[in-house]
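Submitted below is the structure of interest, expressed as structure tokens.
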Amino acid sequence: MNRIDGRRADQLRPVFLERHFQMHPAGSAIIEVGNTKVICAATVEDKVPPFLKGTGTGWITAEYSMLPGSTMPRSIRDRGGKINGRNTEIQRLIGRALRSVTDLTKIGERTITIDCDVLQADGGTRTASITGAFVALVEACNTIYEEGNIFPVTDFVAAISAGISPSGEKILDLNYSEDYETLADCNVVKTGAGEFVEIQITGEKKSFSRADLNDILDLAEKGIDELFDIQKDALKELVWRVGQIS
Amino acid sequence: MNRIDGRRADQLRPVFLERHFQMHPAGSAIIEVGNTKVICAATVEDKVPPFLKGTGTGWITAEYSMLPGSTMPRSIRDRGGKINGRNTEIQRLIGRALRSVTDLTKIGERTITIDCDVLQADGGTRTASITGAFVALVEACNTIYEEGNIFPVTDFVAAISAGISPSGEKILDLNYSEDYETLADCNVVKTGAGEFVEIQITGEKKSFSRADLNDILDLAEKGIDELFDIQKDALKELVWRVGQIS
Amino acid sequence: MNRIDGRRADQLRPVFLERHFQMHPAGSAIIEVGNTKVICAATVEDKVPPFLKGTGTGWITAEYSMLPGSTMPRSIRDRGGKINGRNTEIQRLIGRALRSVTDLTKIGERTITIDCDVLQADGGTRTASITGAFVALVEACNTIYEEGNIFPVTDFVAAISAGISPSGEKILDLNYSEDYETLADCNVVKTGAGEFVEIQITGEKKSFSRADLNDILDLAEKGIDELFDIQKDALKELVWRVGQIS
Amino acid sequence: MNRIDGRRADQLRPVFLERHFQMHPAGSAIIEVGNTKVICAATVEDKVPPFLKGTGTGWITAEYSMLPGSTMPRSIRDRGGKINGRNTEIQRLIGRALRSVTDLTKIGERTITIDCDVLQADGGTRTASITGAFVALVEACNTIYEEGNIFPVTDFVAAISAGISPSGEKILDLNYSEDYETLADCNVVKTGAGEFVEIQITGEKKSFSRADLNDILDLAEKGIDELFDIQKDALKELVWRVGQIS
Amino acid sequence: MNRIDGRRADQLRPVFLERHFQMHPAGSAIIEVGNTKVICAATVEDKVPPFLKGTGTGWITAEYSMLPGSTMPRSIRDRGGKINGRNTEIQRLIGRALRSVTDLTKIGERTITIDCDVLQADGGTRTASITGAFVALVEACNTIYEEGNIFPVTDFVAAISAGISPSGEKILDLNYSEDYETLADCNVVKTGAGEFVEIQITGEKKSFSRADLNDILDLAEKGIDELFDIQKDALKELVWRVGQIS
Amino acid sequence: MNRIDGRRADQLRPVFLERHFQMHPAGSAIIEVGNTKVICAATVEDKVPPFLKGTGTGWITAEYSMLPGSTMPRSIRDRGGKINGRNTEIQRLIGRALRSVTDLTKIGERTITIDCDVLQADGGTRTASITGAFVALVEACNTIYEEGNIFPVTDFVAAISAGISPSGEKILDLNYSEDYETLADCNVVKTGAGEFVEIQITGEKKSFSRADLNDILDLAEKGIDELFDIQKDALKELVWRVGQIS
């Protein structure tokens, strides 16, 4: 099979991931996966949702949005009360992924808001958001970390997509044109310890078997392992904070 | 292990499913899965979204909502521009599940709107919605079906949840209290042909392995096979319409 | 005159009214008046509107909504900031009716929210809502009642519609097709003590005289007296709570 | 009994009503009833709601709002999606009242929008709105009227409030402080032919008898008859248009 | 050059300005500039925005809106979440103008809300709003002023428009038809001390030179000086409060 | 005087301006002015607002927004019907500036939407938006330009801020900390031909004289002339399109 950009079936697009892209937030990162580009910002505020008040425990929430010029045709802004269901679904996924590797009791009664804003979309924006947001989260946690404590982020987490091409081949890291024609679309979130925190697989065009699922997960696991290395490079001197016990 | 309601790990709650619960919509059903009760209505309108105009093809969309009194504490209504992310996510899932077994070119330029309104919630409302909505969909398609044509609904589809209990056992069809404490929560949608159309599994409290996933899918497949029989009983004389070729 | 469903001019449709339809709210009821079906839930919360804080007095508020599949054509949901004037008007009416028979100082600083959700509409949904909500209210008040006190609900209250048919005859309890063509439409709310708490009569198609008004009120009074008996049957062991002095 | 402003029980406050208060709308009026002041504008547009397209028939709709400075404390504007139930209820009442004396087939496929904006509120703003809006409506209909036709406005219509004072006396045209403490509050809309188009009576503080109702209606009828004379004075040369057959 | 209403290039329209137009707000005024009519109300509330809590300092904010009947065609109301950018822009301008002549530390932790509601629009509504709102502000400040203190309003402020006619002449106080065809539109806000607080000049149809700007400012300064006299007449016994030191 | 970043009073911050930052929109640019960074996208759509239908003339509109992480504290998104007055005001300014140098009859019945999204804010975001959006606009117009025609963009346009420092000195291109404490804040938009299209100057903290205004305009003119050179460098081979007659 030939992929449109010449990649092998199990090959990631080139990934660029850099810390501290914005000067104001406690943590930030830019991630580029091929032509997909996402800014991830992590802001720390001294407040928590009502259900956590007085518990000493914090919260992580995420917002996801696409710049109007990030897509063709132009994306309409979320203004004036219009509900964008896809955005809502994605930001809930990002929040769950990051909370799964964070000990919320270790951030105190604070809320960390993760903003993922897509500058350019070419498939895989939700998984790129998770992978990049992890770096912003570590950077933000470092600003509130006090030596001698347990670091709030307990493990790595990253995400990638995989799917089934029209010819039936399983492929990793779908770009937009591949995603548009895929028979089944799968998003996988995995921790550094090698376990899953989320698998979402949809076969709207064609149903899929248990064997298909396993092939796809094999691909995704391989891709995520490569992303962990890229996250470690981006984190630089903060890398050993992740999972730091004291 | 003892489940709170005495069920075996692989046992569904009692299911009640009945056609034509409401007199106005083209199709409707009520489904009860234990204490969870959902009304499913299928309305047919002679219009399609802009991207389908002039194509001769129709669309299926879903709306999901909980009556305020269906939960404890009371659910606040979706009024005045407030966005309920969970509702949005669920209604997108219901729409995808039903479209996966419908040949949209066979319903003409019509939109079938599936309304799933939860009367009482005790876990599993989204999967009950899919299972019940399927029956309403068949009933609605029958009102626009002309003899000699291919019936738009090409196969059965049903859904169930499964998960991992705090003690590590895999259990089928979680009620609210089980869902609240589950380590991993999985929703599975499967067709009559035995393939999957959607798997969503989240391990927010604890990550899970490939082996865990396979155990959970085994349970879910068993449960969904039982639901197909219940759907067939509810459909009565319409049962043979599903997948009818001419 | 022949009514479309064969009723006499002064005859109610069959009424079914049952307590405790939902398991979560403090009080709940389902009422069916012919094909009209409404779920009424009464939720008790330990908070009051700002103007009652510190007064020791509580509040009763109501919300009214129609399930999308309850009508033909489908009712659009109150989402995304759209204002439905009719719903607003009806829920204010329900709130006033219930407050008129409740001693708000006897429920403490609590708010009882009455949710009336129409499952199926065939005329008279607002009066059915009041009649059913009364039962849910009594049930809810009973959960916060302490023996030896005065019961907050001081009297019965029920409601019915009446109107003028195109042929000029006065008729009781209009169904949808009668309501659609009525010359004057009247909703009456009356207490067990035999006095009115609300009369709303509109003659949009044709104005009406004082004599017409009196005929209509005669019919409505007869109908409401029958509804009181049905409420008493539904309340069962709680019936003597209403108006209980100590 | 002594009323706070020295009026007799059956006495209206001083009423000032003047045509053509604004230069842009097809019809407009200002009405002052004591300290209550309302601007009424009637705009004609060449469009109708969907259900009237192609029928040759027009529509009358109303909007009601209070200027922020019209009340104490300040009224918050209807902005940003907040729903004001009272405003919605009142504007529906105004629309029904005006439609009851208009032959909508005689205005062609046009919509007349009646805007009632309260400059100052001291009780009775909804009834003043109806009484003033009638004058604006006649003025607007005159701008689209062609000689030889039947005039769209077929009769006069006006409205007033009446109620029961804490001491039990029936009183006409309640100002704000009287309205605040009234036991029962009644709004009556009557045509020039002497019949009613709307009666709304609420006894939230205390229920009322059939005899109370009749006393209140007697008062209201007397007050409305006086308002007809004031409308005729304000209409000047347009007065004979109302009910003009050819 | 002949102006449509016969004015000289440097001539204001007739101005009518009167205090205490509404009975409820602490301060109010009506201003008429030719056919433009605006009601200005100033309400005092014992609260401040979050950033001022505990500082002892107050705030002035403004809201601007047009009655639907104030324009041709009818202005649509700001309801249901629709954003009117022009209104927002104008109310921010009004707020800045009034704050520039108010010592906010002298009003204590209070918010003065200025409501400018346009009854009739014929050009210059934003500048008329500022000129009229100043009078309402002084009246409102007087209700909270205690003898012996420094009066919060430290100087006069008024505003006027000027522009360039299609023939290139500079003209003062544009009415709607002049504003519609002006090449450049300028709004100027000036204090009693003779300095500017805001200049906004736009040349959407044609750009303008520094010399044009100076000519326009000359006209505006002359017009505003005349408005100061009109404000002083309207303020009557309150005139000496402005800038009162003790 | 010493500026916080060591600049001379009449010195711009370093400016970086590059074309084609995003791959999807017809035109796009990124502009950095010191730490302020804005993405400008220009999208072309084959539709016009209602008032232009059938005229053969097009429209330019702008939207302006700040990424949540662009500021400290975090900017809240414009979701769910909240109105951000500042954003609305700025996007109207951007639209006017670009329309002033565009012959809208030369773009046909198309709308060009300019999206200015602030990645990082450090003062001067609105003027940077105009300067950068101009480059995106030229790029977008080039995609619809046919040789031999008149190019729609007729002249250069750029913008800068200037103000008065607390010590009274006039300074060019204020960064955030300078803007925060400036006595008067001026935004100037000028064309390549040397005339102004917009001047907005506000003296909220202190009023200003005509002489102050002239000093500030001198600074702004110098700064904008430098920006024209930067725009020309960024436009590269498109530079001669601007003002091209055939």
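For reference, chains read A, B, C, D, E and F in written order, and residue numbers begin at 1 within each chain.
As a convention for this text, a residue touches a chain if its C-beta (ideal position, glycine included) is under 8 Å from a C-beta of that chain, and two chains touch if they have at least 3 such contacts.
Bear in mind that the values here come from a model prediction, so they are computed numbers and not experimental data.
Residue contact pairs shared with E-F exceed half only for one pair among B-C, A-B or D-E, and that pair is A-B. Using the mean of the Cα atoms as each chain's centre, the chain most removed from chain D is A. Once the centre of each chain is set as its mean CA position, chain C and chain D turn out to be 28 Å apart. Distance from the chain D centre to the chain F centre is 51 Å, each centre being the mean of its Cα atoms.
Here the CA centre of chain A is 34 Å from the CA centre of chain F. Shown for chain F are the residues that touch two or more other chains, namely 79-81, 83.
Chain D makes touch with chain E in their complex at residues 22-25, 28, 35, 39, 41, 43, 45, 63, 65, 67-74, 77-81, 113, 115, 117, 119-122. By the touch rule above, chain D contacts chain C in their complex via residues 81, 83, 85-86, 88-89, 91-92, 96, 99-100, 190-191, 193, 195-204, 207-210, 213-214, 217.
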